[in-house]
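Note that the chains are named A, B and C in the order they appear, and that numbering of residues resets to 1 at the start of each chain.
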Amino acid sequence: MDPQNRYENVGWTRKTTTKRVEMTTQETLAVAAPVRSRRRRRGGLGAYWLLVPAIAVLLIGEGYPLVRQVIMSFQEFGRAQQFGAPPEWIGLDNYRELFADAQMWGVVVRSLVFCAVNVALTMLIGTGFALIMLRAPRVPRVLLQVSMLLCWAMPVIAAMTAWQWLFDSRYGLINWTLTNLGLGDFTRHNWLIEPLSFYLVATVIVVWMSVPFVAFTAYAALTQVPEDALEAGQIDGANAWQRWRFIIYPSIRPALTIVLMLQIVWDLRVFAQIHYLQGVGGVPSETHLLGTYIYTLGVGQSEYGMASAFALFVLVLTLILTGRYVHALLKAETV
Amino acid sequence: MSTDTLAADTRVRAGTDRARTRRLRRSTRGRLWGAVAVTIALVWAFPAYWILNGALQPVEALRSPTPSFVPTDFTLDAFGRVLDGDFFASLRLSLSVTLICVALAVVCAFVAAVAISRFRFRGRVSFIIVVLTIQMIPPEALFISQYRMLNDWNLYNTIAGLSLLYVAAVLPFTVWLLRGFVDGVPVELEEAAMVDGCSRVRAFFTITFPLLAPGLIASGVFAFLQAWNEYTLAVVVMEPDNRTLPLWLRGMTTVSNEAIDWPAVMAGSVLVAVPVIVFFMIVQTKMTQGLVSGAVKG
Amino acid sequence: MKLSTMTRAAVVTTVAATLLAACSQGSTTDDPTDDATEDAADEGADEGEATDEAEETDEPAETGGEASGETITLWLAGETDTPVELEEWLVTAFNEETGATLEVQRIPWGELLERSNQALPDPDNTPDVIEMGNTQVPTYTSVGAFEDLSGLLEELGDIGPEGFIEAGTYDGTVYAVPYYWGSRYIFFDKAAFSDAGLEVPTTLDELSTAAIALREAGDDGFSGLWLPGQDWRNGISWIFAHGGDIAVKEGDQWVGALSSPESVAGLTQWQELYAGASTAPQDGKDAEAWVPFNNGEAAMFMAPSWARWSVEETKAEDLGAFALPGVDGGVAPVFAGGSNIAISAQSQNKELAADLMRLIFSDDYQTMLAENGLGPANPAFTELMGDDEFAQAAISAAENAKLTPASSEWAAVETASVMEEFFGRIAGGEDVATVAAEVDGQLADMLNG
């Protein structure tokens, strides 16, 4: 039994009488979307045609370079090869050298920790802000939303300039404030020289930048929690934690799960902020994360073979970390 | 959201929002949350304010022993210094690349989202896996291949080439976002309208499309941000004279034999941020709706 | 159903066509070369088109005067290092001389290596003539990036410094020649010196004593000598002054020399100076060394000669300069800053590129370099740099200047920030001999490829 056939017939036979050949995209989509969500129609070639633009762009922009990256990861590919020397096939040597490199493992571990801390903070603060938005009266709420929007819209380089000055050791506002609040002598305190402190600064910046996305998504999801459910909870005498745990959280969980996965992916390959901070100060070899390490290997030192091997390793690592979520998402697909 | 319609839901939501607000306004608790919200708003927006503050003062103010929290030596000189031909050339380049990227990404992603949301076909799950995986590729090691590819196709140093790479970079996320969104639009609405005598096309435009708009906008915003902010790839595939805005901005901080004009850098930062903020303000309401109805449905 | 499939196909094709149209529009309506040329104010309005045509022509240039329509590209390193007047002169003179067009592109130092890696091997996008930092050049001579200049050398006249030519030579062939040299010396506040009753130091020891005394006389945060911790380009002067070196070639192997007794002596003196006289951050680099000086937070700083123009007017009256003194007096060997210039091996217009090189080494251009404070490659013009104390400091410092090891792998050392971190650790108070030995091993690994 296939109730969708009904729509199919209605939809397509009507269309065949259409004389116009030129149609807008939207019309195509209207035609292509006559089915109730989730109950997907067994597609003919139509579905494939719709995928053509996306697949073409992905193949060109990512697929082809990725294939070359895989090939390069098995080659000796450095500056000489860039200048025309034939690349030598060296099998797994790049990988062997990479895995024997203690610095590389340091980078991996630091990145994992950095990612975990940043994702956790971002999710907590973002959800917290969303709850505040929900409870605050209109004017403060809009103010908070505008503020979030402002920092979300700040281009990375602009934001980094601001933070560079805030944390500046001689003229920075943060040192001045801490000293004047009597929290100790922060005169000329250097925030970037110790790796841990460097990562603290990076965390502040990354969290500051990522919270708005989480806050907005969580807030949008929260506005969809039925008011009745909340009120029912209140009448039952549930306290705030119980309301969160048993009513609110379950209903925004799907939203948070996807945001969580995205944050893991993004924070694991954080690049721009770290790269910028390394330019400002600190000790680069002790502050590399995955992104900057690949960049230094490839663009910096022209070790493209090694950089490619490492990038592929990072891809695998990301897949492992997000595997649970991807698996859950795929399971939902097959239903 | 499985049974009631989106439109109805939106109305209900708007209603509850209003009721909620009314109740909150009166309560002390509401006022407390309001105070918290305002405090956070100020703290979070502070770095943005600090940039503006720095842009409106001479450089000495930045390096004075006590910070000047408001531009007491107010001057617009810094803006005058950065608003030159280079800025407008970069602005044009950035706008072209970004807008093309947004348009292409939204269209390609939308079409693909419809396919995976509405059809069952061989390779569907594989496509989804590919889309998810591509998002995880670290981009830094792809540059050399991307450069060579564009060069072979005479797309080096062209807006088309750079846009193409940007589209590819944002497409996985936008497909994903829109797919969830298309999933959420019930076809029954459209059909109801058709029963009333609308053509399918009209039904689509009057009923479905307005509901899709937030999703399209949310994905557009994402594409916009990525293309507007990116600067490592732009070094690789564009000639030195063609700088996108972030590179123009960075150029000012890497001068080697003269003083860095920090107020000008900050003025430049403000100028680079303005188009994004304007764009965000325009689409703000729709965008937040889009985030939830789309990304969130999964 | 067949018909419907066809309809769908037709629609999709239309969509695809629209997409393609959007793509091609992107590339044609907004050709980026327009932007580039609009900015070059003094050049002809139709130059943009000329550029486009030239880029499509693959044929090499014919002889000089008949090359109209041809365009060659010159990459200058740094956004402002070569003054604009010099660039304009080159563009005009080149056009008069050859009839061809010279397009000058300025590459920020931070992008230079990355862009060179991409463009130099590529006949379509390579600059024809390229300026490169003297420490970066060896990396490219060894991979065949540059044209052999042996045939041109004689025409270019007397050139130096010798160290720059060495940096541009690989296997006995000269691939890159000196473009200009700069040298580092000490800028000081004459008023601060006279207030403290100090004389201009004549040995390195005296310099340390003076700097420490000034620091102690000043407020908290005041530097006798502003000495950022990771500023290795200035720091290595102390190694050189004591007769040490970064790395030396033994046979065909590079061996780190930072842990030699001479280097350690220099580094120890530098470490004491940093601890006693400088409040600069441990991770500070050589950028903007004049800022604390302008702010009244430092009595001395060490920088290349052009830093003079960044000193504020109020401070400029009392601004003095001296070359870094040697251990036993005289002038210490400092790090020789500056650039080399070369013709790309992939240039499609080597004749025109050679014409440009001749112009750069012409008397007129060498004069302009010297008058703008850039050390001219041709020593005959050095005296045109002037005879005030700044010029004298620059010239005497340059006489003894030294370069980094001429290994083709040196660029890797720079991109990995090895020297920055090394000096940063010493500034942080770590044991000099231990750190030096450790970094020597690292250098040997990297320099020998």
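Operating definition for what follows: a residue touches a chain if its C-beta (ideal position, glycine included) is under 8 Å from a C-beta of that chain, and two chains touch if they have at least 3 such contacts.
Bear in mind the structure is a predicted one, so any value in this text is a computation, not a measurement.
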Furthest chain, CA centroid comparison against chain A: C
Chains most often in contact, by C-beta pairs: A-B
Rounded Å distance between chain B and chain C, as computed from the means of their C-alpha atoms: 38
CA centroid of chain A to CA centroid of chain B, Å: 13
Touching two or more other chains - residues of chain B: 63, 104, 107-108, 111, 144, 164, 250
Chain A residues counted as touching two or more neighbouring chains: 15, 25, 27-28, 31-32, 46, 50, 53, 82, 170, 299
Sites on chain C at which at least two other chains make contact: 15, 19, 110, 114
Touch list for chain A against partner chain C, complex: 12-13, 15-16, 18, 21-23, 25, 27-28, 31-32, 44-46, 49-50, 52-53, 79-80, 82-85, 169-170, 187-188, 190, 192-193, 279, 281-285, 296, 299-302
Of chain B, residues touching chain C in the complex: 63, 85-86, 89, 92-93, 96, 100, 103-104, 107-108, 111, 144, 147, 151, 155-161, 163-164, 235-236, 238-242, 250-251, 254-260
Touching residues (chain side chain A, partner chain B) in the complex: 7, 11, 14-15, 25-38, 40-43, 46-48, 50-51, 53-55, 57-58, 60-62, 64-66, 68-69, 72, 82, 129, 132-141, 143-159, 161-163, 165-166, 170-171, 173, 176, 208, 211, 216-217, 219-221, 223-224, 227, 252, 254-255, 257-259, 262, 265, 269, 271-272, 275, 290-291, 294-295, 297-299, 304, 307-308, 310-311, 314-315, 318-319, 322, 326, 329-330, 332-334
Contact set on chain C toward chain B in their complex: 15, 19, 22-24, 26-27, 30-32, 35-36, 38-39, 75, 78-81, 105-111, 114-115, 118, 122, 124-125, 287-288, 290-291, 295, 304, 306-307, 309-310
In the complex, chain C residues that touch chain A: 1, 3-5, 7-12, 14-16, 18-19, 110, 113-114, 117, 120-121, 139, 143-145, 220-221, 279, 281-284, 292, 297, 411-412, 415-417, 420-421, 424, 428
